[in-house]
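Should a chain be cited, it is by its letter among A, B, C and D, assigned in written order, with residues numbered from 1 in that chain.
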Amino acid sequence: MTFFLFNLLNGLQLSMLIFLMAIGLTVIFGLMDILNLAHGAFYMAGAYFGYVVFQGTGSFWIALAVAPLLPLVLGFLLQYFVLQPLIDRGRSAHLDMALLTFGLLFFTIGLIDLIFFETLGLTFMSIDKPAGLGSYVDIGTFYPAYRLFIIAVGLIVALIVWLILERTVVGAVVRAGVDDREMVRAMGVNVYVVFASVFALGCGLAGLAGVIAGAELSINISMGVQILIPTLVVVVLGGLGSVKGCFFGSLIVGMTETLSQAYVPALALFATYLILAAMLIFRPQGFFGRTPKSV
Amino acid sequence: MNAVRKITSLLAGAGLLAAASTSALAQDKTVKVGLLSDFSGVFAQLAKDVEDSWMLALEERGGMVAGYKVEIIKEDSENSPQVGVQKANKLIKSDNVAIFGGVISSGVGIALAGVADKEKTPFVAGFAIADPLTGKFCSPYVARTSFSANALQSAAGAYWAKQGVKTAVFMGPDYAAGQAMLAGFKNGFEAAGGKVVLEELTPFKTTKDWGPSLLKAQQTGADMIYTFYAGSEAVQVVKQHAAFGMQEKMPLRGAMWIYDEALWDAMGGVQMNAIHVTNYTNALDTEASEKFEKAFSDKYGRLPVASNAMGYTNAVAIFDGLAKAIEENGGNLPEDKAKIISALASLKLDNDPRGPVHFNKDNNAMQDNLYMVQIVEGPDGKPTHKVIDTFPYGEDLPGCNMK
Amino acid sequence: MENTKDESWHPLVEGDESRHDPLDEVANADHRKFLITALIGLVVLIALPFMVGDYYVSLLSEILIFGLLVSGVNLLLGYTGLVSLGHASFMGLGAYATAVIAALLGYPVWIAMLASILISLLIAYGVGLLSVRTKGVQFLLITLAFGQMFHAIAEKTRVTGGDDGMTNIPRIDLGFIGLDADHDRVFYFFVLFCFVVAMAILRRIVESPFGRVLVGIRENEKRMLAMGYSTFPYKALAFGISGMLAGLAGSLWVQHSFFVNPHIMTWEMSGEALLMVIIGGSQSFFGPLLGAAFYVLAKDLLSEITEAYLMFFGLIFVLVVAFFHGGLAGFAGKVSERFTRGKSGGEERQ
Amino acid sequence: MTQLAVSNISKSFGALRVIDKFDLELAVGERHAVIGPNGAGKTTLFNMISGWIPPDTGRIEVEGLDITGRSPQSVTQAGLARSFQKNTLFDGLTVAESLRLAVQAHSPVRFNFMQPARKFGGLQQRAHEIARQMELESVFHRDVKTLSYGQKRQLEVGLALACSPKILLLDEPAAGTSPAERATLVRLLTTLPDDVTLLLVEHDMDVVFGVCSRITVLNYGRVVASGTPDEVRRDPEVRAAYLGESAGHAGEAGKS
């Protein structure tokens, strides 16, 4: 019984990490129709920059606070100065942007490889957990304190995102934008700034996830691609553009990965993809997604 | 600089200029040797380690073997068999190497064994520890200077069982190498009276959380966890094992990969006091080992690690094997390149830093002893190895039917 | 085409090719241009192996093999407008089918090749039936999911060596014409033969009424439905055919490298195929082939300079998507237009 | 003879009843318009008849063949082709290629995948014929995206006509056009073959009165009036509900 409960905690921890990634991707997709495959690159940017900041200051907390700013700024620049102008010039938001950001992911991986491995000779890096979170707590069995921290961060971010979207003017604009882009334009809001800001925040959250993961997992060249696929699964499961869906989608993916590993290891490699494929075949709009706008 | 030279040679080889390049200069006798390894991808560090040792071994021989000047041509197989095959083709067909070696990855190694056999060009694996490489896929053109998974792991299994460890959980990635390590460990451990109570194979490359597996291991109450993980997976497993507070109750042990020196920084201290098996450590105090250690640290300013030692064996075997084959052929490179491998396999490397190494009938390296080491704090406060025991080597799996 | 005596417009009336229907001048001109390009290309492909060293002959084989794969991918991406991230798995299927049938079961390689083509066609068609109801990003993800599942199966299968794979896979036996395919030039010409046959068939397909329907689906599927096309079977069949080409590529690949393992079916590999198509220029028949050639050669060169060559490909890819939508083929088309008085670039728009 | 029979169809979205027990019968060759203010349910009605939305109740027949609930493609194959209010064209193709595709949809060669389409000269001829009919001959080989807006509207109708339909459903063909473009459209629509039955949704009264012999007026999903243009014009309920308000500025492009 406790075995099951601890597995649930593990599942929740993984879910929250994935949620931090997926929430940005979801809102960006819902609002701008851009499937940002470079999201994995922003995650990496957070982790690697986090490592640099950590090496410089020796503080996990400073790294956690500062590192997400890099992906945040890069995200804003990318959307405002590259993606949006291209869309305005007639590139399809849907496919061209997916392909373009896919290329960007490859580019980033190559660039990071060039800087960190080829130039600095670093292969495996890690950020040390802060005192207090590095150890374990005794809650029936020893359980890593850091995992509880990840769960807390995930829940807090979920709450904040929810509050912003549901309770603030900015949130109202974004929600309206997800439902009907033309309407927001007609409202006279500078949509481009809203778009770029949302894009930047999403990338910042991915960077935050990167720093957090950098302490629990390890920082390496394939981390961005590794996290990307479960994240995409979440976005599809939850329904493209649905925040509530994203939260539950993260839970489903995190729990599936954890529980299948704990109880049916033979299926662990397939479980997530089976869910993804079944979902796309039987309910392509996701659990909470809207049906496509036009036929 | 090296790259520029290569581009020129590439351009010379490319297409229309082919005719111009045929006027090969023959005043100096040169033998070309391919260093094909996984310089990018997860094994990048190991590949670099191997390269460093190659350069050391070459320097020690003054860049010559048996009157031939050695030209090393370096290629990156990127931990991808596809790329490896392509690069091997280049080495064989475009550069006309006499022999090539180096490879880390088992998958690449097996692919290259196929190419070597087809193209009748010797290949000497530097790492690539999959059993079938010198088993099912053995060939008169293929040798290996590291070891096979079974030889190392069955010896380690037997060691721990004899130390009184009764039950163990095996954890490893669910792919060929992981399965081979499990089988090897289980063979040795259970034959000596131990019992593997849980075989926990995690999805390869996609696992992000070892929590479920560690919890499952806890449930069994076994005496230890024996693992095979490498690179970033090793870092994560070791860190998470510590984070679950299991270091006291159920120590995490394995072979050199899990506690590789290159990972110590990333592990952030939790690797201290861990015990693992290895086939070389710079803490060895044999004469051969000390000599290698000095030569290596003189050249590179740091201590050699296990992958350096394996790279060194690889290079020494290739260079000395070449020399022997040339000498046996009256001072000329033999036409039949299988003779290079047979010369190599007849070498007795008694002064190898790992301890005496020789080759078995499948052209696979065997060494006399293995070492159990502990990671302890060195005199300078930095982690280092301490040899806590020496024990006999294991055996290869059967399966080779060489023509 | 002469058809005026017939009062009805019944389309089955086949025209006499020797006569010109002024209305179809554009299509006929395009076709002539295609034939000339193809002929020049073929002459080059036949002559090249005699001018370069052995290694470059094997690179050429590789280019042709990837050419088959990316032409398959392009049937979906360029012609039908569907982006698949799972095509490497069909290449893998073809590769494994050949490896198992020829190396494990011991059948002649030509039987293994035919079987591989058939198997990849059938399985791709099956996957197509399940996938093509979605489009856009959903389609990209569902093909990714299927691809990953096939990859996982390949990794889990012990008889084929799991992740390590299998080696010592034989090449086709050309003894009946007195040749040995183990020689690289001989094998190259065998690959070239398969390539030409497959490309001729593919060309027939994209030029056929069926091929035109695919283009219609790419341009506006809603309208196609409104005009009375059941688009679903077209898309499923296109998926099957493109999977079959990938399967043929895989079958040749194992013979080329004597080796197969699950790496060949990773989604990164599918991504590389997309890279080739886009860089070369989708929506054109020869574009993806240019892309494959560029990719293989540039990778060969770049990887000599830096291990981080992925960075350059990422960058090139981004630039092509952003600024040169036609890719290399589009660029070549524009250049040739400058020299000829040409109207709208015929080859570029299919 | 009845060409299209729509009986008793209804459609609700949630609590909103968009079409309420709608009936319509069209004779062969009839020119019929459905008019009504915005939100009257005209587009929903069209989508139901052409198969894009299944009706909740009722029955739709083409020459006695029940097509209720069929997919759009199968409705079109049964002989009922439609155009769209918002241009739904093949922007990357030429006019010739577009029309050829439409013609091909109703020819047995549409499944042929081994012979060059070039060789089926009949497709091209028929496409050219349609282009002539729609006055698009001069732009036959031009890319669709380079056409003027009016020409695009002509092509929109042409693509439906090229399906050789028995019944042609035109969804606001004149939407967004200039008066000159509209005049061209009216001329083209009045010269459609006699055996093609025409059902038109249109806001522009010039087009409606210029083309159609019968009119059905829809308001809040209900038929308010039906009859000849004169009868409808005289109907007091219509005047109150619809014409009275918009008679002055007829021709305003509507949206729904």
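Throughout what follows, contacts are C-beta pairs under 8 Å (C-beta built on N, C-alpha and C of every residue); 3 or more make two chains touch, one makes a residue touch a chain.
Keep in mind it's a predicted model, so treat the numbers as computed, not measured.
When every chain is represented by the mean of its C-alpha atoms, the one lying closest to the mean of all protein C-alpha atoms is C. Ranked by the number of C-beta pairs in contact, the top chain pair here is C-D.
One simple way to say how far apart two chains are is to compare their mean CA positions; for subunit B and subunit D this gives 73 Å. We define each chain's centre as the mean of its Cα atoms; on that basis subunit A and subunit C are separated by 34 Å.
Our note on geometry: subunit B versus subunit C, Cα centroid distance of 38 Å, whole angstroms. In this assembly, the C-alpha centroid of subunit A lies 37 Å from the C-alpha centroid of subunit B.
In subunit B, the residues touching two or more other chains are 40, 44, 174.
Residue positions of subunit D with contacts to 2 or more other chains are absent.
Counting partner chains per residue, subunit C has residues 155-156, 222, 306-308 touching two or more of them. Every pair of chains that touch is listed here: A-B, A-C, B-C, C-D.
The part of subunit B that touches subunit A in the complex is made up of residues 40, 42, 44-45, 174, 200-203, 205-209, 211-213, 215-216, 218-219, 231-232, 235-236, 239-240, 243-246, 262-263, 265-268. Of all residues in subunit D, only 50, 71-74, 76-77, 81-82, 84, 88-94, 96-97, 100-126, 128-129, 140-141, 143, 159-160, 162-163 touch subunit C in the complex they form.
Interface residues of subunit C, counted against subunit D in their complex, comprise 1-3, 6, 8-15, 17, 21, 23-24, 26-28, 31, 204-205, 207-213, 215-216, 218-220, 222-231, 237, 344, 349. If you check the complex, the residues on subunit C that touch subunit B are 48, 51-59, 62, 155-156, 161-169, 182, 184, 257-259, 261, 263-264, 300-301, 303-308.
Those residues of subunit A lying in contact with subunit B across their complex are 3, 6-7, 10, 13-14, 17, 113, 117, 123-126, 128-129, 134-136, 138, 141-144, 146-147, 216-220, 222-223, 226-227, 229-230, 257-259, 261-262, 265, 268-269.
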